[in-house]
Amino acid sequence: MAKPRHIGVYPGTFDPITRGHLDIIERGLKLFDVLIVAVAESLSKAPLFEVDERLEMIGHEIKKYGNVRVESFDSLLMDYMRKKKATTVLRGLRVISDFEYEFQMALTNRKLDPGIETVFMMTAENYAPISSRFIKEIARLGGNLSAFVTPNVAKKLKEKYGLE
Amino acid sequence: MAKPRHIGVYPGTFDPITRGHLDIIERGLKLFDVLIVAVAESLSKAPLFEVDERLEMIGHEIKKYGNVRVESFDSLLMDYMRKKKATTVLRGLRVISDFEYEFQMALTNRKLDPGIETVFMMTAENYAPISSRFIKEIARLGGNLSAFVTPNVAKKLKEKYGLE
Amino acid sequence: MAKPRHIGVYPGTFDPITRGHLDIIERGLKLFDVLIVAVAESLSKAPLFEVDERLEMIGHEIKKYGNVRVESFDSLLMDYMRKKKATTVLRGLRVISDFEYEFQMALTNRKLDPGIETVFMMTAENYAPISSRFIKEIARLGGNLSAFVTPNVAKKLKEKYGLE
Amino acid sequence: MAKPRHIGVYPGTFDPITRGHLDIIERGLKLFDVLIVAVAESLSKAPLFEVDERLEMIGHEIKKYGNVRVESFDSLLMDYMRKKKATTVLRGLRVISDFEYEFQMALTNRKLDPGIETVFMMTAENYAPISSRFIKEIARLGGNLSAFVTPNVAKKLKEKYGLE
Amino acid sequence: MAKPRHIGVYPGTFDPITRGHLDIIERGLKLFDVLIVAVAESLSKAPLFEVDERLEMIGHEIKKYGNVRVESFDSLLMDYMRKKKATTVLRGLRVISDFEYEFQMALTNRKLDPGIETVFMMTAENYAPISSRFIKEIARLGGNLSAFVTPNVAKKLKEKYGLE
Amino acid sequence: MAKPRHIGVYPGTFDPITRGHLDIIERGLKLFDVLIVAVAESLSKAPLFEVDERLEMIGHEIKKYGNVRVESFDSLLMDYMRKKKATTVLRGLRVISDFEYEFQMALTNRKLDPGIETVFMMTAENYAPISSRFIKEIARLGGNLSAFVTPNVAKKLKEKYGLE
């Protein structure tokens, strides 16, 4: 009998997707048969990019990988995981404040569904300081984005801020 | 002459009260002759529950204890402490980010009134990941709240989000 | 040939300037021939004081130093640095959460311009717990501000909150 | 053609193996086709248990799992990984000080062999405070070890300290 | 019927007692009817001062307080607590690394005896950087100790290092 | 009248000097007229390299800079600073645990001599995970050291461990 496929989910807001996120996807996909990048629709804070824009930007970057796909979700992550028959959440860790938040979220999720695991990978140190908050501030002020996002995402950011 | 009663104050927003808060109350009340749960009215961010609702929910949970009562306050905590002849602030510590914030608040309060002390107790590890922010998000998305809040609070949360 | 002047920039929001900021200025000015206190105009969150008010309050405090001046800026810090021929950013460190944020900002800035350095000084422990957020809350509730800001800034805070 | 087996390595000193380690093994084995528990022989600090004792204690606990085995190693972890054709290091994270050390080790290992990844799983909160250092101290003073280690390991600890 | 006396225990190595420790004792004694300063005899690392010397130095400093006494113990802290009918452990918190260690110790102790609580107080910021390790290094090199320890302890430190 | 020369001191054990240390020296020398790399002789833990070996290795690396020199010292850093008429200590910050230790040391030094400042620079992220402890372990086990130390230091490390 065939072993079931090992499905991982990499959830986030991706507003927008950064080189740090792409680094985690590239290294994380080796752990799974299928990796789903799951874009959270429902946010307390209004995102800069609509869900469709975020899906498009991610789709553009991941089309080179055979076993990665992107979807949006608007439910509890644990409910989404069960619907997808996914057993493992993938998350990137950068700095200590990440750790705190991720620790809380992983333990909260474990209380909601003890059968689903969270695994963490370290973001490459080169991408460690990249936060969406800083990237949007740099974009707004017309700074050079090439170290932080891909050319396609840089173009979208400039369009958003009316700088193109 | 009788020793004066040792009055402790456990201040917070309690929006809403969690099992973690209740754990601190239950263990903290042993330190004091009287413990006052003090609900902060004035908040920069609009709370989900009105002060009256928060008072009611807390009152429901603490009525089993003889020496705990709940009040609201809308002044500097140090001024409220003096008015109540309370000498000790009780706070729960969960994770490192708590520590930072609590450290700042305790030292700021000490500058405002050096005669009033702050004592900390560790939240039981079982309740450590519980944050009001996550609980409200889980409630909004219809998740199971029983690990995080009491049945009465879970009911109020569901009502707020129109899920009941 | 004369060695070029060593120009440092101490950037921030200064909403309002605190005794902790003044401590960093006083100790930091020894490192540079000229130190510019640079007030960030553009803010995601609406500041309590207008840029002009913040410039005036800082100007009042630094007039006693010969080699410190205050300016506002509304561009990327790295662009502002180059325009001023400044080579070093000065930042104060208080607590661990500062460190995280400062680490990210310093590394992000280094990616934008590797020729500009960031140096950090420790805020005197006496001023370590002072955060603008707490100070504004204390001012709003009518608390004593003398441990946190100068008399002039305290007066301005009280005026803002209609308490004078 | 068959996909190559995904081999993970869980390295450590395991002096002795704790309930926290066993929790990571039980949850980590789902990520791999084979998981090797790799006991580090060479230690700056003299361990309490000989390598053979540590191998025996771990073997006793893992014999119930089909795809987990235990080995010792006395080389650079990255060299051992290549020899075993293993591509992923598994590590448990408990508290913030773990994070710092693990961050350093993972980035150092990545510099030595960029093709090998490190993944982290959170130790169940129930086992989070368990450190070998505390366990040995409790054992030495005759305390109850059942919350921290299995009965077999508790027995070995008591023998070591001549308490049996 | 009389309420039982509330006995607190402040455990540590006190090698030697610092101004930071004395600050915690002075502020902590208000929480309890009796506060016992409990000197740990058994140490992995050889202390600079013998237990008797440490007891003497502490006794010298606390004789001015009516409800504080000093004892040594050479057992599990939780066993010592029960023997003393003490219900609360008092600990000082200084910096984040303290927090980590204290968090582990408090949760470990809670597993050993859930009926005994640990409460924390913040060391005054003026004493926050004082660690026994630094103090001994400063003493060894003949530095001025008056900011860190009392004159009596400074004298004993100088005698230890043959500087008197 | 000429402005006095601004002398900085970069103290440490340098057992051995790493690429991370060299990064701090190269970026730090811009802050000062003269930068002294000060090698601490007296150590609680026995270093791998003698003071003379450490001085020689550092001298080899810094001879390309005009305003950097290396010395050893065996006294309180603050006493050494005064003897050298140096006013500023330079330290590198890598990770959070550095921060804690550095925070304590800087505040302790400030108590010993309030006229001497400590400034911090961030180690380039590429060198952030480099710790002497890990480097010595990698050297002992015959690993490739080129990412962590210069060729000259790598050669000395191999000689120490009898691998050359």
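The chains carry the letters A, B, C, D, E and F, assigned in the order they are written, with residues numbered from 1 in each.
Going forward, a contact is a pair of C-beta atoms (placed from the backbone, for glycine too) under 8 Å apart; a residue touches a chain by one contact, two chains touch by 3 or more.
Please read these numbers as outputs of a predicted model, since none were measured by experiment.
Peer 1: Interface overlap for chain A and chain B, more than half of numbers shared or less than half: same or different?
Peer 2: Different, since under half the interface numbering is common to both chains.
Peer 1: Determine, among B-E, A-D or A-B, the equivalent of interface D-F; equivalence here requires over half of the contact pairs to be the same by residue number.
Peer 2: Of the listed options, the interface copy of D-F is A-B.
Peer 1: Counting C-beta pairs in contact, which chain pair has more, A-C or A-D?
Peer 2: A-D
Peer 1: For chain A and chain E, let me know how many angstrom lie between their CA-based centres, rounded off.
Peer 2: Taking the average C-alpha coordinate of chain A and of chain E, the gap between them is 47 Å.
Peer 1: Taking the mean of the C-alpha atoms as each chain's centre, how many Å separate chain B from chain C?
Peer 2: So the centre of chain B lies 34 Å away from the centre of chain C.
Peer 1: Can you check how far apart chain C and chain F are, centre to centre, with Cα atoms defining each centre and the answer in Å?
Peer 2: Distance between chain centres, rounded to whole Å: 30 Å.
Peer 1: Please output the residue numbers of chain B that touch at least 2 other chains, ranges allowed.
Peer 2: 96-97, 100, 103, 106-107, 125, 128-129 - these are the residues of chain B that touch more than one other chain.
Peer 1: Enumerate the contact residues on chain D facing chain F in the complex.
Peer 2: 42, 44, 75-76, 78-79, 96-97, 100, 103-108, 111-112
Peer 1: Taking the complex as given, what residues does chain F use to touch chain C?
Peer 2: 6, 27, 30-31, 87-88, 93, 96, 99-100, 103, 106-107, 110, 117-122, 124-125
Peer 1: Show which residues of chain A lie in contact with chain C when the two form their complex.
Peer 2: Contacts found on chain A: 95-97, 128-131, 134, 137-138, 140-144, 147-148.
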